[in-house]
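Here is the structure we will look at.
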Amino acid sequence: MIRGLRPLVGLLGATTIVAALPGAAPAAAAASQLVAVVIDFGPGGPAPLVKCVDISGQGQVSDLAVVNEALSAAGEAEAGLRSDGLVCSFDAYPGPGASLCPSGSNAAYWAYFTGTANGWTYANVGPASHVASVQSTVGFRYESDGRATAPSEIANPATQCPVAASVTPTTALPVAPIAGSTTHTTQVGGSVGEPRALTTTTVKSMTKAPEKQGRSDTAHVAKDPTAVALSHSSSSSSSGSDPGGSAVPTVIALGAFALIAGGTAYVVRRRRAT
Amino acid sequence: MRRDRRPHALAWWLWGIGLATAALRTTNPILLVGLGTIALAVGWACRSAAPWGHSVGVFLRLGLIVIALRVLLQLIFGERLPGHVLFTLPSVPLPSWAAGVSIGGPATVEAILTALVGGLRLAVVLVAFGTVNAVASPRELLRSLPAMLHEVAVAITVGFCFVPEVMNAMARVREARRLRGRPTSGLAGWRGTAVPVLEDALERSGQLAASMGARGFGRAGAPRAPWIRRAGWACSVGGVLGVVVGAYGILAGGRSVPLPGVLCVMGAVLLWAGLAAGHRRSVRTRYRPQPFGLRSWATALSGWLAVASFAIVTALGSHAIVWTPYPLAWPSVPVIALLGIILAAVPIVLVDQSTPTVRRQAKARREQVSA
Amino acid sequence: MISFEDVSFRYSGSSPWVVRHLDLVIDEGELVVVVGPTGSGKSTVLAMINGLVPHLTGGQIAGEILVGEQSTLTTVPSELASLVGYVGQDPQAGFVTDRVEDEIAYAMENLGIEAVAMRRRVEDALDLLNLHDLRDQPLTTLSGGQQQRVAIAAVLAASPALLVLDEPTSALDPGAAEEVLHALTRLVHDLGMTVVLAEHRLERVLPFADRVVSLSNEGEVTVGRPAEIMASSPLAPPIVELGRLAGWNPLPISVRDARRSAPELIEKLRAHVPAPPVHDESVRRASLRRVDVEFGALRALDEVSVELHEASVTALMGRNGSGKSTLLSLLAGSRKPTRGSVEVGGREPVHLSPDDRIRLVGYVPQEPGDLLYAQSVTEECSTADAEHGLAPGTTAAVVRELAALDDTSLHPHDLSEGQRLSLVLGIVLAPRPNILLLDEPTRGLDYEAKRRLVAMLRALRDDGITIVLATHDVELVASVADRALVLAQGELIADGDAREVVSQTPAFAPQVAKVLQPLRFLTVDEVRAAL
């Protein structure tokens, strides 16, 4: 009976190993992890603020926390939030704290974007519930007429910070990029009556940021509940350090597979014929 | 190949699980295609001559349908992923309450690739499952389970038989009805087919029970003391709970792997103890049991080489395993990963599933056809 | 070995008694055949030996049954498995494993026999029933006859002291049936096994029987030597009927016995050999021209050409797997030939609409119950009328003519085999098709039901209907067929007058022909007419 159980033991062992594998990955990440922050104050405001923030050792932080870190490191005032979590001001622009929040008569608001190699994409979750991904860019632009235009200064937002030496993907299973990327179509000239993306959602951000952010009420508008984990790996992998770009490895690999298929056909024919 | 030289059924299933795990851990389309090809090659070379040997083809077709559906759904209903636009489908503007859904719109290469890779992963899992089914049918696996699980295994086996039997009976009855000019579709058709089939199934299950009972199934040895049996029940229940909670903990993500893992293992141990305690000492022996020998180990491990190679590649810092269409570039194929995938085809050289009888018959048939 | 003491049984409080006050003793080392008309309780009596009745079937039982000193009322079937081996009527439904070898070893695994002994016994069982070629085969790919042999082997391998078989040769062609019965006889003689079997086709089994148990529908039981029982039994194989007719004493049980008493009869009949009937080669109803049917690499039919005329009965004979069912399915329109053409009533049957088809071709499958799904006979008839567009009551009238059914509120599956076959025949014949196809119609029928079937078929033929029968049953062919086609491995190896074909080959000869060689008498009726 013990002999018969050996393979079962093997199965159990294998399962545990598989489960443990993702845990091994984070341990390997030792280099600095940089997130870029771009705050574009719009046509009537001061010059855009561009800063890189190192979030290594902080675990999972929300974009809002990262922006606050950038602001405080630059000696500026941090984000001012309304009671329901809506961002009303950065660096006291347009007004200190939550004094000049968007309302019926005031359509101006802070539009929130995520930057990848392809350009800016309009986010559809709030910055407090979006986990900052390494080597991505968090962007805000203040629009006075209520439309969402991407922060204008930066052409390729993904290259704002120096590329770190060895950065490993920081999530567990890279299931994410496939189930649906978080990048959304930029709503150019879209009908944005209400700044829907900025209503913050229930908080999943575990950070050491100040109490201002992290309010956890209000309606949830996220299109994709898994968006949190998703953007994470998608952006991290998009600006990876691969040299991949030529078709040669692909061709070689496919050739190898074809060879194996041919070899199998030969083996099968020989066996069936004898 | 002699029966006791063939890899154990469990070894095949471990191989299949390894391949499926590898498919779920990567999004690199070339690696996925490789995994699929290897699975198909092994299935083709090693499948048994029995009717279930056709399951490779069945699951391959299923996998291709899955890929096609995925791409179609992405094009029609999927999120509009930005990128290089190939063509534009007419888009239907939806009211604001349906803001999460979009219909039509620009179809980009990236979107199609994303859907393709998603479908490909599932297809590889299906093909791996189909291969394992063709090579070592679930019934063989059940036969190899330890004696204490025998009754459970038999129940599952009988359940497995049920579906093909019902399908046979349905085919027969539908044919008979068609010949009689009775409708075979629609409500009347289904009622007319379902009733004889169900009656047939009921009768067959009675006959099966009679046949098994008449041949000694359920012969019990001496039952154990009551307190052992009760303790066994408690252990079994606790063990099942432990395994379920532990598995949930592992699969639900999160960082704390050790705790759920330990829980899982402890639960399994408890379950085993419970089954051992509750099981009556049976006198069952086994006819030509398949030993779990070198070939079996080789087969089982070869399926996991791909997973191991992926882990190595990731640890070395390459992002090749988790390819995304952003930015759009040819996927890179690390040599180690390639090697890991190719080695999963080891069973082809280890195993020759055809038996002397089958080969003789195949030869005779060929001669008959050509004569 | 086995003793029944005052045993009575019924399935529930309200159903009639299946056996009443049965007293029976079977000694060791005997081969006992249980005979009786359908519905007399043969299967129930056999299942009682094993303990399946009442442990598996439930019901009320009274009396005492002892099998080798153990009472079946207090011992469950699985405990009796080391003593009694049981093979049911449908072997395919009783398979537990995938392959032949594993199936044979299953009983031994349950009994805890050690591995070395198991291997040896499996080899012995394969030898005994000639199953070597099939040992790795999956069970689902075997033909009906092969499955029956595997089921018997599976039970033999465990070497029980007592073997109980319920209709073990029903799916076997005559050659295979003989092999199995020879094997069983050898076991009885060499190993002292006790074998109890129930069989309808007595002509196959009687020569091997030591004793016969005859059950009647009223619950009477008579036990005795074959010759004694046959002297008064209503069911008798052709040889016994011939013996009765010719007044032979003692009654012959086997062909050999009969031939010893035959010379006198042969002399008497020499002058009265029946002339071969003249066939009316008139209207052609259906034809197959150079038909090939291939399933992958397997060729089921090879260059077969056949013509069928009206008012004729054609018998299709051949071993299991020779292509009989395939040929019928071509005529019925469920299959297209790979090459060649099939034509029925001037059209291809595959392309007929269902309504047209039922008015042209009537097909009775091997399992007549497949066509029945209503809750009662009357409901079946009225649904058939509605679906076929006939006047209400037509089907019921036809069925009444064919079947001796008193209670039409019975559920179709509660009918006996013969009654079910008649019901299906009625349903199929109600739209008055020109062609009738029957696949193994006499399986499970006793002699009385067979006689009725023969009369029905003769009447239909006289009405002008073309009948095609696929069958093993030589006696049936001898009584009713005009023409016989013999298939072997998909090829048509004989096509001619039924009487000639059937008396040419020893394997296919009916008993009367074997006895009265060289005169060509095929059935007892012919002898009766000549005397």
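The chains carry the letters A, B and C, assigned in the order they are written, with residues numbered from 1 in each.
What we mean here is this: a contact is a pair of C-beta atoms (placed from the backbone, for glycine too) under 8 Å apart; a residue touches a chain by one contact, two chains touch by 3 or more.
In this text, all values refer to a predicted model and were calculated from it rather than measured experimentally.
Comparing the CA-atom centres of all chains against that of subunit C, the greatest distance is found for A. Among the chains in view, B has its Cα centre nearest the centre of the complete protein Cα set. Subunit B and subunit C have Cα centroids separated by 43 Å.
Each chain gets one centre point, the mean of its Cα atoms, and the points for subunit A and subunit B are 34 Å apart. Look at where the CA atoms of subunit A average out and do the same for subunit C: the two points lie 75 Å apart. Among the residues of subunit A, none is in touch with two or more other chains. Multi-chain contact residues of subunit B, defined as those touching 2 or more other chains: 289. Of all residues in subunit B, those touching subunit A in their complex are 8, 10-11, 14, 17-18, 21, 24-27, 30-31, 33-34, 37-38, 40-42, 44-45, 78-83, 99-100, 105, 114, 117-118, 121, 144-147, 250-251, 253, 255, 257-258, 260-261, 264-265, 268, 289, 291-292, 296, 300, 304, 307, 311, 314-315, 317-324, 326-327, 329-333, 338, 342, 345, 348-349, 352, 354, 359, 362. Chain contact summary for the complex, subunit C toward subunit B: residues 47, 50, 52, 55-56, 76-79, 81-82, 84-86, 88, 90, 93-99, 101-102, 105-115, 118-119, 122, 133-138, 140-141, 154-155, 158, 297-299, 332-334, 354-355, 357-358, 361, 363, 365, 367, 369-373, 387-388, 413, 427-428, 431. Contact residues on subunit A toward subunit B in their complex (touch as defined above): 1, 3-8, 10-12, 14-16, 18-26, 28, 116-119, 121, 166, 168-169, 172-175, 177-181, 183-186, 196, 221, 223-224, 233-234, 237-238, 240-247, 249-250, 252-254, 256-257, 260-261, 264-265, 267-268, 271-272, 274.
Listing the residues of subunit B that touch subunit C in their complex gives 49-51, 137, 139-140, 143, 154, 157-158, 164, 172-173, 175-183, 191-192, 195-196, 199-200, 203-204, 206-219, 283-289, 355, 357-358, 361, 365-366, 368-369.
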